[in-house]
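The next part holds the structures, each set out as structure tokens.
One chain, chain A, links the two complexes that follow: it is found with chain B in the first and with chain C in the second.
This part shows the complex of A and B:
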């Protein structure tokens, strides 16, 4: 797959925000510095991926998984990332679980709704007929007034 | 692709990941020999990259030049790449910058050194022959 050069870069706005939040208030970042950090981040992804892939291959797997990434961090001497990453992983798993349960609940609700919708529909039709009758009556009244 | 593109917003609510997962995936896939990436690995790599950006920025700032440090500059970053073992893998992409005149001087000196060596070799050969 041919990648265009910009595809291998990360969005400037997000990178800038992350840098600003990390540094003390009022510190400026030169454009060059920001661009350099962005490039460094892309290189980091490549390095981490390659490293994680080694662990996957060692485990005779073709798919990179979470533990491969964690092992890669240790290998690259970024042990300080391991704890926050584990926390993020747990939060992500909880979120996924929540989403799954929510969509299952939604499905149940939808099934229930379809049943009650059919009941509502017949009720609505009755209401419409009533409204039409009311309009006719009003119309008649007007005519009388005119006469 | 549905991305979880959120960060820490103004009210301080912690979201999972700010960097776009689709872009991270593109970079990861450009690595040779990588077949497939599970979603958790993708999320963790994105998160790790954010931590990396924070770490590189703060480290370079703290170890950077002087008291007037109200700015983070390119040279702070290239110094980090050169001096810190952890960040050494960045040395090639964050080269130190030197003035062109200095570089030309270096080239000249190098050439002179090489010439000298060649001259010495030749004279050695003469000695051996005799």
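This part shows the complex of A and C:
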């Protein structure tokens, strides 16, 4: 079943929340108007994508990047979006950097654990089965506490 | 053991309970890195971007910026439509307020003809 691009709507709940936060308290929006805005938002994405893609192709790139999107905003006469978008991009990059460092740290911890596990396994093979199980359970409990 | 960020988890729960969407919404991915900075699910935005046959690939930053731009767009058009509603001394935004807002602004020209 092929879906038309216009059918790919963004979640109504999120659209409604954005609208309500943009408007003063006590202001409502009809269902028709809300779905019209939702569809407009989808069209906006498609149009912005097309513009951004033109910039990417001009730069002989196959991957859309952030600067392509920013250039598209200017071309679409949404220059007023450019500054807040640049700020958001910087915040996003900082967050990404923080997450990358955190995941690298996790990876290091994981490597240390697997090393200690291998050492325990070689010891267990020499002992009785019962003793093996007891030791493994204790070790697992320790692991859970660490996690 | 899967580590789940508490912040993004809470926001996803709110999405599920709010709104009266006719179609059941798929669970939004909690692994979206910009979850704190963007309310729109990046996966949906990416799906729209990929709907363009000329687009090969789109970077994560580009998707995030687009999502943020859509939020700004929705805010802008809602506020413009509200101005039209205020002129009619109404407190509920109607479809015609939106149409008027679109006609009034040059940058919304790409929307003309889409609503009907």
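The rule we apply is simple: the second predicted complex is superposed on the first by the 105 of 147 C-alpha atoms of A that agree within 3 Å, B and C clash if a C-alpha of one lies under 4 Å from a C-alpha of the other, contacts with A are read in each partner's own complex, and residues count from 1 in each chain.
In the analysis below, contacts are C-beta pairs under 8 Å (C-beta built on N, C-alpha and C of every residue); 3 or more make two chains touch, one makes a residue touch a chain.
What you are looking at is a predicted structure, and each value in this text was computed from that prediction instead of being measured.
In the model built by aligning both structures on chain A, chain B clashes with chain C.
In the superposed model, A:12 makes contact with chain C only, not with chain B.
Looking at the shared chain after the overlay, A:99 reaches chain C, while chain B stays out of its contact range.
Of the two partner chains placed by superposition, chain B and chain C are both touched by A:78.
Of the two partner chains, neither chain B nor chain C is touched by A:111. In the superposition on chain A, the residues of chain A contacting both chain B and chain C are 8, 10-11, 14-15, 17-19, 21-23, 26-30, 32-33, 36-37, 39-50, 52-53, 57, 62-66, 68-70, 73, 76-78, 81, 84-85, 88-89, 91-93, 95. Those residues of chain C that touch chain A in the shared complex are 1, 15-16, 18-21, 25, 28, 33-34, 36-41, 44-45, 47-49, 51-52, 54-59, 61-62, 64-66, 68-75, 77-79, 81-82, 85, 91-95, 97-98, 102, 106-107, 110-111, 114-115.
Partner chain C is touched in their complex by these residues of chain A: 5, 8, 10-19, 21-24, 26-30, 32-33, 36-37, 39-50, 52-53, 57, 62-66, 68-70, 73, 76-78, 81, 84-85, 88-89, 91-93, 95-96, 99, 147. Listed in rising order, the residues of chain A touching chain B in the complex are 1, 3, 7-11, 14-15, 17-19, 21-23, 26-30, 32-33, 36-37, 39-50, 52-53, 57, 62-66, 68-70, 73, 76-78, 80-81, 84-85, 88-89, 91-93, 95. Chain B makes touch with chain A in their complex at residues 7-8, 16-20, 23-24, 26-31, 33-38, 40-41, 43-45, 47-58, 61, 69-74, 76-78, 85-86, 89-90, 93-94.
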